[in-house]
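First chain A sits with chain B, and in the next complex the same chain sits with chain C.
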Partner chain A sequence: MAIRRGRGVAAINYPTGMNLGGDPTQALVHSTPTGNFMVTLSSVDLGQGMKQIMAQICAETIGVPTDRVVVDTADTDTGPHCMGTFASRGTHRAGNAVIQAAREARQVMLEVAAEELEVNASDLETDGQGNILVKGAPQKSISIFDVALSAHFKRGRSISGRGMFLIPRSYPEKETGAMKPSTCYAHACTVAEVEVDDETGEVTVLTVKNVFEIGRALNPKMVEQQLVGGSWMGISHALYETTEPYYPNRDHGGTDFNQYLMPGPGDLAETEIIVLERPSADGPYGAKGPGEMCANPQIPAVANAVFDAVGVRIDTLPITPERVLRALKAQAAN
Partner chain B sequence: MELRKNYFADLRKDDLHEIGQPRPRSDSPGHVTGKTAFFADRNFPGMLHLKMVRSPHHHARIRSIDTSEAEKHPGVVKILTAKDVPHNVYTILILIQIGPEDETVLADGKVRWKGEAVVAVLAETERAAQEAAAKVKVDYEVLPAVFDMEEALKPDAPLVNEYHGQNYYLYDSGECRKVRFGDVEAGFAGADHILEQSYQSSPIEHAPTETTGCVVAPEGNDRFTCYTNTQAMFFTLDNTSIILQMPGSKLHFVGGTVGGGFGGKVDVIVEPIAILGAKLTGRPVCFIYSREEEMQISSPRAAEKVVIKDGVMKDGRIVARKVTGYTDAGAYSRHSPYGAQKGAGHYPGPYTIPNVWIDTYCVYTNRTPSSAMRGFGVTIGDFALEVQMDKLARLIGMDPLEFRFINAYRDGDMKAHRQPTEGAALIECMQEASRAANWPVAEKYLAMSSYVKGA
Partner chain C sequence: MAKIPVQFTLNGSEKAEFIDSGTTLLQALRDKIGDTSPKGGCHQGTCGACSVIIDGELRLSCLTLAETCNGATITTTSGLAEGGVLHPLQRAFLDTFATQCGFCTPGMIMAAKALLDHTPNPSRDEVVEALSGNICRCTGYEPIIQAVLTAARANSQNAA
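On to the complex of A and B.
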């Protein structure tokens, strides 16, 4: 009886969005009288930080600091339609809609600034700090604060924009299955290292090294929180979780966190996250949707590591001590 | 976390101001100081609490329902049964024309899974609602149930759902979604080795911190405001409008920060019945799942069975792959027909294989309906595919990572569902994993590229 060590690898890809259902999302952007910007959506922030990302996308597009943008979400009286926050689509779909709306608003803003500065709008640029400058003559400038005041009270212009992003529905062809299930894919490769106690069947994940390719890390800190959380969830799926431990038998289902097994802090592996960026052609600033895929590769990587450690295949999830022990017993019997 | 900018540097301009900056989240201070408002923080004078009477049987005919004792229970204000729901038989994906309507808001004549909602009790307190629910008498005639997908697909299996007429979802392509590419049998015939293996998962709970729920307030103007943690505002509003036969203009849905979704809050379950309760009583109503309901009543990730048959050459090329996927939908469709179909679009994984055959089935059984969950239609498939890849590599005596390089898809490769590959990055992820994990591979694999021609 011994503690045995093994490692396994898995590589995956993951589609962004739900093309097979049609995938629209809209956004509205407008400026306040003092040149702050409001993004209005009906999209839902599930705690992953969608509001923050939409603010950064809007700020980048208009050319102002992120703290000048406020995001209003999840109200059907004010926010235009969004299909919903699922299918790794929030950042990609709503982000594209926000870019379109922000571009339209930026154009009006530059037109008003052009009138104030008596130049052509096409000769203007933003400095990212809240000012609009004449290209090549930065001493000639106006603050966005003053532009917004002028638009509201002098020029009678609405600095606002409408954004719509739609991936039209793809209908699979009946006989061949020809379809377009996604417009871009995120990628990952994970190497997991485990210890298996061949007396108790218990699996301990020691390290997980994840490489994720996600298009563009719009906010690296938030990318990290999502990818680390996903990686933990992958381990949890591999070793612990199910509402029906003896599926298809319906008995013994957990009804609270005492019975429904999930890893505690002490059960989590040393986790390494490496991010690659291959910008997607249709993503907001190249972003793809990594929200779902980041929890996938750990499951097979752990299963393969268990085999590497003790030479048994557990092809049924979760990989419980009971399943490992039964497989070891069957292996010994052969 | 480490950003490795040396990959794809020629495909990227790093000239942005706000994007790419690790700005602190504007909502973090609210979260960590307890100031962020969640839907359940709404409280209204006179608010009623809704509790469900649920089926104790997996499959049963309802002979009769007697609510008389429950109605007399102190604090009970209203009791709802199927006849109170204007459009009681519904399905959520009807919004994108994926029918038939196959589920009841409140059971009508039959229950098809243990835990199915039968009667809704509205009372002044949660406790009164719970106690009164226990006094509702339902007379059941228990019917044979089926839990195993293979059993369910046999011709003599008990019929789970009459609205389908058979225990699988009928696609326009027939009993399953199909992908056919190349000639899979010819591929097997020419292969050096064949490996057929079966993989299985069990249902998994989303386990959000905040359970599913809503608070509904009738407004003075004949409208209803529904504070909810749904993941999809208009999806829920439009379905509610159909179920209650109420114009969408009468409905106002307000969300906000959700305490974790993971796909568990895209079913439309709590809102319609809570709004109906508010309409019929004229009072605010809250309906919030207990942890037990969240774990055993709300949809889990579907259990799946995946059978993969591969033909592989000694030099490492996979020449044929046949995948048969089964998604256990439970008693009702919810999002499962979509998930099974998404699986068909995902197989055979990120590998270029000339001969592919895919069948994915959505199967009905007498269990808690499954639905969307993070990685829906893909997560379990990836488990099966990547364990299979490991087995294939060992079968032909090849390093598992090098084996994947040989088969990895690259830009321009035609996928089984007939889309050319774009934006591939699998090879680069594996190259970086080889370096980071100190898992050596031959130099020729480190020189490969997803997009540079000839590399």
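On to the complex of A and C.
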């Protein structure tokens, strides 16, 4: 009887969004009279930071500081249509819709500025600080504040735009069954090191080293936050969490936090996160959807590490002490 | 049923309420007084989201009867900022990105405050121990541990 060490590796290919009856998200953008911009969405910020990301995307597209943008989300009675926040689709689908809406709003903004400055709209650019300048003659400029006032009170224009991003439904080809159920693949690889006590069946994850390829990290600190939390959750899925420990028998499921196990702050594995940025062609400013992927590769990596440590393949999650001991017993009997 | 009067100090101001016997402090704070910073995650003492400080000690407000708090001094997360300036713990939680959905955050901050009030320069193990009654679904805990250590460092620099 001994504590045995093992190391496992796993790599994954992760899709953004899914093939429903078409996968749409729409967005509206409009300016207030003082030149702030409002993004209206139905998509939901669950804490992953969607509001921040949509504000950044809108600000970048219109050419204003991020704090000039307000994002209103999550009311499906009043907001533009969104399929929802799932399948890691939020940043990708809503982000593309926001870019489209913001571009249209920017165009109106430049047209109004052009009338005020008596130049051609195509000769104008933004400085990212809230001003519109004539290209090559920056002394000729107008603030976005004044442009918005003019649009609202003088010229009767709405500085606004509509964004509609749709991935059409994909049907399988009759001959081959081939289809395109999702878009924009992210990737990840994890190496996990574990200790398995072959007397008690307990598995301890010592280290997880994760590499994530996520397109462009639109907000690097928030990406890191997602990945660190997700890596923890992956270990939790691998070793602890289940609502149905004896599935398909539904008895003995945890009903509350006393019984639904998760690793606490004392059970953390040493965690390393490396982010690779390969901007995606169809993503908003190159982003992909790393959301759920962050908790995926740890699971097979831990299962492989357990195999490496004690030579048993556990193919039912979570990898509980009971399952490890039963597998070791079966192995000894053979 | 006869109502029971309770009176206590919440974040420096006097509160007086008539409550039904058996009302938890969590219910009294959230539903009667309107301080929604303590969260109800489990209502049975297993998640820590409802943590508050009563007379200097960390308590679970879901397991504390409001009627036992007569004359007590209670601190919640909503009482930490002073004049719009965030408490060092709140600042550190922001700076280390230690909050995602935020549901666990007020409880975490209370548990951390109770620790730092008694142990201004805790070791990592002491921080882990102090947070071990609080569940977080989002962060993987490491950023929260870092936030508490960061706040402790900021405090000791200010004191020096």
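Here is the rule we go by: the second predicted complex is superposed on the first by the 326 of 334 C-alpha atoms of A that agree within 3 Å, B and C clash if a C-alpha of one lies under 4 Å from a C-alpha of the other, contacts with A are read in each partner's own complex, and residues count from 1 in each chain.
Throughout what follows, a contact is a pair of C-beta atoms (placed from the backbone, for glycine too) under 8 Å apart; a residue touches a chain by one contact, two chains touch by 3 or more.
Quick caveat, the model's predicted, so the values are computed rather than measured.
By the touch criterion defined above, A:221 reaches both chain B and chain C.
Counted by residues of chain A touched, the larger count belongs to B, out of chain B and chain C. Within the superposed three-chain model, A:278 lies in touch with chain B and out of touch with chain C [touch as defined at top].
When the two complexes are overlaid on their common chain A, residue A:24 makes contact with neither chain B nor chain C.
By the touch criterion defined above, A:321 lies against neither chain B nor chain C after alignment on the C-alpha atoms of chain A.
After overlaying the two complexes on the shared chain, residue contacts for A:231 are found with chain C alone; chain B is out of touch. Once chain A of one complex is fitted onto chain A of the other, the partner contacts of A:301 are limited to chain B, with no touch recorded for chain C. After overlaying the two complexes on the shared chain, residue contacts for A:47 are found with chain B and with chain C alike.
When the two structures are aligned on the shared chain, A:257 is found in touch with chain B and with chain C. After overlaying the two complexes on the shared chain, residue contacts for A:311 are found with neither chain B nor chain C.
Chain A uses residues 46-47, 49, 221-222, 224, 228, 230, 233, 256-257, 262 to touch chain B in one structure and chain C in the other.
On the side of chain C, the complex with chain A involves touching residues 41-42, 44, 46-47, 97, 100-103, 127-129, 131-132, 134-135, 137-145.
Residues 7-15, 18, 20-22, 42-47, 49, 51-52, 55-57, 59-60, 63, 65-66, 73-77, 79, 81-87, 128, 169, 172, 174-182, 184-185, 187-191, 209, 211-213, 215-224, 227-228, 230, 233, 237, 241-245, 247-250, 253-257, 260, 262, 272-281, 285-286, 291-293, 295-297, 299-301, 303-304, 307, 313, 315-318 of chain A are the ones that touch chain B when the two sit in their complex. Note for the complex: chain A touches chain C at residues 46-49, 221-222, 224-226, 228-233, 256-258, 262, 264-266, 268, 271. Touching chain A in their complex are the following residues of chain B: 1-5, 7-8, 11-12, 16-27, 58, 93, 96, 98, 114, 147-149, 172-174, 177-181, 197-205, 207, 230-235, 237, 251-263, 265-266, 291-292, 295-296, 300, 303, 328, 338, 341-342, 344-346, 349-350, 358, 365, 367-368, 372, 374-376, 378-380, 382-387, 389-391, 400-401, 404, 408-409, 416-419, 422-426, 428-430, 432-433, 436-437, 439, 450.
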